[in-house]
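Letters A, B, C and D mark the chains in the order given here, with residues in each chain numbered from 1 onward.
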Amino acid sequence: MAVYVDGTTRLLVQNLTGREGSFHAMRNRAYGTNVVAGVSPGRGGQEVQGVPVFDTVSAAVEATGANTTLCFVPAPFASDAILEAAASPGMRLIVCITEGIPAHDEARVVNYLRQTTGVPLIGPNCPGVISPGKANVGIMPHEICLPGRVGVVSRSGTLTYQAVHELTTRGIGQSTCVGIGGDPVPGTSFVDVLSRFEADPETEAVVLIGEIGGEAEEQAAAFIKAHMTKPVVAYIAGFTAPPGKKMGHAGAIISGSSGTAAAKKEALEAAGAVVVTYPTEIGEAVAAL
Amino acid sequence: MNLLEFQGKQLFARVGVPVPEGRVAATPAEARRAAEELGGKVVVKAQVRIGGRGKAGGIKVADEPQAAEEAAAAIVGMDIKGHRVNLVWVERATEIAAEWYVSFTLDRGVGRHLAMVSARGGMDIEAVAASDPAAVVRRHIDPVVGLAEWQATDLVYRAGLERAAARPAAATLRRLYRAFVDLDCDLVEVNPLVLTAAGEVVALDAKVTLDSNAFFRHPDFEAFREAFAEDPLERLAREKGLGFIKLDGSVGIIGNGAGLVMSTLDVVSLVGGAAANFLDVGGGAGAETISDALEVLTRDPAVRAVLVNIFGGITRCDLVAQGIVDAIGSRDLPWPIVVRLDGTNAPEGRAILAEAASERVIPAATMLEAAQRAVDLAGGR
Amino acid sequence: MNLLEFQGKQLFARVGVPVPEGRVAATPAEARRAAEELGGKVVVKAQVRIGGRGKAGGIKVADEPQAAEEAAAAIVGMDIKGHRVNLVWVERATEIAAEWYVSFTLDRGVGRHLAMVSARGGMDIEAVAASDPAAVVRRHIDPVVGLAEWQATDLVYRAGLERAAARPAAATLRRLYRAFVDLDCDLVEVNPLVLTAAGEVVALDAKVTLDSNAFFRHPDFEAFREAFAEDPLERLAREKGLGFIKLDGSVGIIGNGAGLVMSTLDVVSLVGGAAANFLDVGGGAGAETISDALEVLTRDPAVRAVLVNIFGGITRCDLVAQGIVDAIGSRDLPWPIVVRLDGTNAPEGRAILAEAASERVIPAATMLEAAQRAVDLAGGR
Amino acid sequence: MAVYVDGTTRLLVQNLTGREGSFHAMRNRAYGTNVVAGVSPGRGGQEVQGVPVFDTVSAAVEATGANTTLCFVPAPFASDAILEAAASPGMRLIVCITEGIPAHDEARVVNYLRQTTGVPLIGPNCPGVISPGKANVGIMPHEICLPGRVGVVSRSGTLTYQAVHELTTRGIGQSTCVGIGGDPVPGTSFVDVLSRFEADPETEAVVLIGEIGGEAEEQAAAFIKAHMTKPVVAYIAGFTAPPGKKMGHAGAIISGSSGTAAAKKEALEAAGAVVVTYPTEIGEAVAAL
């Protein structure tokens, strides 16, 4: 079994009747993902290219045994949709693509899930997860993927594709690629995914793509040092980035010197990861492991 | 979106946090009238969206209207760290018995709200936090239930705020937290929050950052922009829905996704060039978005060459290519465009560009190659 | 505290739940005027704090004011299951397209809020629930976060409410839940919640029980009592802060703690007597509370003997004894008092009673002995 | 080690400076309970008969290592005080005596504790817990207790005393007596306490005191049937009680026929418990086990 998604995935698409929902659901289905249902309140009873649509998640799950959901619900309603999915018995993974969810909504939902159902949430504002050759749950361009034994995890959507592309063009396949998203309070952290890769017999090495801001890469470094036996190749974006949003003195007090690309690179290298300078070096570095 | 001090204070007043009475003024004459209306001693404060205005001379006390006029004359037009002062805030002076520091923000490291409170408020709170970390009390707040009464009380006593003012101080913390959450702020920082000689708790400053993702809940917040001295290029980009930041180089950068754009900036720099901007078209950009992005770059005379770096996912490369072709067809673009397309519908996109066969469009196979070509075309650094 | 229908509807209006326009009337003439003011067809409804008034003839439709007056004449003064009708509610008649059932209450079994919704609203919802349990959709709500939008929508679709009205129905559920929580209700029940011919969702009935423990947050709620036909004995007891319910027997019961008082009732019944009341002085009763409790019982002519059964914990037996002695000293109590004291400061309490040496006070060593003596003194059943 | 409290208990009293707080704190101390601190915001630095008072629970715990709290905070502020205690590191038991807490406050607090800290809460509106000869944390009149091997658990305050009294006057000692309180959403249920008694080597038999309303006794019966090896003697009050608050049709639909004294007695007897008719029979029934 792969990490997060595989042949046992029974996928529900929230807002299947939307433009992006239907486009990517059909792409995922074409890749072999078992897309069993859609949810759009008020559209229960309709179909989208043969996929039945329900008014509520509970009705969809009851009728189809969906165990994974892919959420394309617009930002003002997305946190409610995540809670709906999490409350459904048998739900084992929520992937939320939606970008632009208010930070307080996101913080409430992520903390509430941690405190209650514990159903893992990937995203929001992420490209989803793909286990090449098995299932694609998200918006990643699966054409660039190749089945194999390298796990990829990234905070950045398009940089994930770039990393996967670098691997595939060198003939290096991927076990699972996870885009955790770059939002302030992601449902899944680098550490969550690294621990799954470490435990996954189908993964032999890991590529980690980070960027400036926050402490996620520093936490990943601490985990790698303490718990990872598998090799890690990392790339960090943002060495020349303009300073981001100023968070007053509070931001400076919280973060201290952490959060810069240089600090993250240093932490990962100290933890034993190979940190490359160009994205194009990712494939070479993995090949050299 | 960072607010000006007086805008933050307007929001504080909405949730019942006391602030000194004041007026906005754009000219020395207006400042004088404001001081006359307020009566007595006033403080004239530069309204800029950057810290350190006190040290830069942007805050002056005026005992009477003539002095307020003179203070405003000195402050309006000042440049504070690259920010021009267009407005001052004239407010009644406060008799200060104690100065505290209070902030609410999100601690991304743990995904929870963070309250910070110190009895040593004033200008140099970062120095206090660095030299005496215990002087700034930090407590996480569970966003599911918010700041409880006990926790506000605990913050007040633990930070060693004046005991006699514990109740109003705790009540003010809870109101500031309410502003933070109910008004969808990324940051609420008050430095100083003061205890007045009369025993009242008053917010003397206000640093508020709004979460623009939540503006659908607060349609009135858009109006705050009217008081900003916004860069015209950045304003145009924002109106087109593009993530744009002006930089110093000559290579215009357009990409999809903040991570890929940041990486493109890094690669351009590594191969010896310098980016003229950061421009993220976001996810799911259509032809019009790309065309808009190119239009924004035409307004920047420093651009010598443009690099379009797209890895399609939710964004479709065929639409990106169409947007480039449309832009070339409708405008006389003054520079060459190096285009790198991969991902969703990349072959279709490359075919559209090939068919258009414009000499202004240079296809590149990889990100590195694209960066090198663009830097070459821009004439190096 | 159970409210009358019209009071519940006042609360619904506060949170934005539509209710039909109406007037309260105490006399047939007032009902006529109300019908004249409202115009058109009206419904005249008995205001009693008990169910089943429809079947009892307490609800009548009136096409014009004269009919409303006649309906009120028939209803005011009616006895519905022991409740006298003092008021009617005259409201504009509603054209009904569908009748639903909605309630919010606490499910003590799991410690969470429970929503129940059915598309088969109307008078016989208990029968529906018994014969076809699936027709009443039940969902628990986490009190920490409340009724989410998705959950209200889920309730509406799962209960099979009319699809075209799904949005207003879900919005109404959320408003009713807000009333339930924000107004500290133990129960909010609407049967029927109707869909009108015009497509509106309207609460045609309102059964609301307020949590009197939360009245410190809602000081205005005390005023609801003014419309109740409250038993004078119960009113006096309430004003004295005592838990009191009038019963049919001859042994007055005073005890501390609902469990002990209930147990005392059971024991009195088992030894052949019958309690005249249930009277719980609560925890931490002082001398004055006991004295008040005895005074309440003097107003009930059915009492022949009184049993004071106290097991001290937070309540101190010495204060209880002092209260008994005080009552005997200040009033001519018409019956003997059997007193059983154990627990905190029991020896001191027994000593106080012994010292007072009143023949009206009969000490008892155990609860069973006390019950037997009291029943004997009251002359058996 | 006894159930809930014993010689390792380091007791904090919330609202120690109140009339009831100081009275019962001193009684508990006189019984041998280690009363280490009190909390009353604004009174930090004072003392109550040698017990130091702090402004906040966190300060009290930091200074004294308190691990158990006894809450006498008035009803409007009690739920906040419970949350404060639960948030304190090292707190292992909260006992709340306060009566009259609004039902929604109670429901929120109890559910939040379950979802987060998991610190057990006994009460609110309860007499507390006593392990005779070891510690008394609450308002139970410890004069009536006797150390021994019978566990007592009760929803009713004064009936608890009655039950303990019946045991002690027959020379039967108690291991621990727990008053869980009769509020709508108690922090601790019969089942919670029964499972501790079942696991406690110092408890050989259990006395359970129930009353009409709710489903707690029925749930206890199910637990006894499925999990208890130790004998249980039960007493239920309210056979002749007047009907309580009417909860509309909703109440009838939820509870069906359960909730009456007769139904509870029947359920407990079916589970193998000895159910007595008079409180005075409790001692006899335990003696006869």
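Everything below uses one rule, namely that a residue touches a chain if its C-beta (ideal position, glycine included) is under 8 Å from a C-beta of that chain, and two chains touch if they have at least 3 such contacts.
No experiment lies behind these values; they were computed from the predicted model shown.
Colleague: Between chain C and chain D, which partner chains are common?
Modeller: Chains in contact with chain C as well as chain D: A, B.
Colleague: Going by the touch criterion stated earlier, list every chain that contacts chain B and also contacts chain C.
Modeller: A, D
Colleague: Could you put a whole-Å number on the gap between the CA centroids of chain B and chain D?
Modeller: 54
Colleague: Calculate how many whole Å lie between the centre of chain A and the centre of chain D, each centre taken as the average of the chain's C-alpha atoms.
Modeller: About 46 Å separates the centre of chain A from that of chain D.
Colleague: Mind checking the centre-to-centre distance between chain A and chain B? Centres are C-alpha means, answer in whole Å.
Modeller: Comparing mean C-alpha positions, chain B is 27 Å from chain A.
Colleague: Scan chain D for residues touching two or more other chains and write them down.
Modeller: Touching at least two other chains: 112, 115-116.
Colleague: Hunt down the residues of chain B that sit against at least two other chains at once, touch-wise.
Modeller: 142, 144-145
Colleague: Graph of touching chains, which shape: line, ring, star, complete, other?
Modeller: Contact pattern: complete, every chain touching every other.
Colleague: Quick check on the complex: what are the chain B residues that touch chain A?
Modeller: Contact set of chain B toward chain A: 2, 50-51, 101, 103-109, 111-114, 116, 125-126, 129, 136, 142-144, 181, 184, 186-187, 189, 191, 207, 209, 211, 213-214, 216-217, 245, 247, 255-260, 262-263, 265-270, 275, 278, 282-284, 310-314, 342-344, 346, 366-368.
Colleague: If we count contacts the way the header does, which residues on chain B are in touch with chain C in the complex?
Modeller: Counting only chain B, the residues touching chain C are 144-145.
Colleague: Provide the residue numbers of chain D that touch chain C in the complex, in ascending order.
Modeller: 20, 24, 75-76, 97, 99-105, 107-108, 110-112, 115, 127, 139-141, 143-144, 154-159, 161-162, 165, 182, 184-186, 209, 211-216, 219, 235, 237-242, 245-254, 277-280
Colleague: Residues of chain A touching chain C in their complex?
Modeller: Where chain A meets chain C, its residues are 41-42, 44, 55-59, 77, 80-81, 83-84, 87, 112, 116.
Colleague: Can you list the residues on chain C that touch chain A in the complex?
Modeller: Residue list for chain C touching chain A: 142, 144-145, 148-151, 153-154, 157-158, 163, 166-167.
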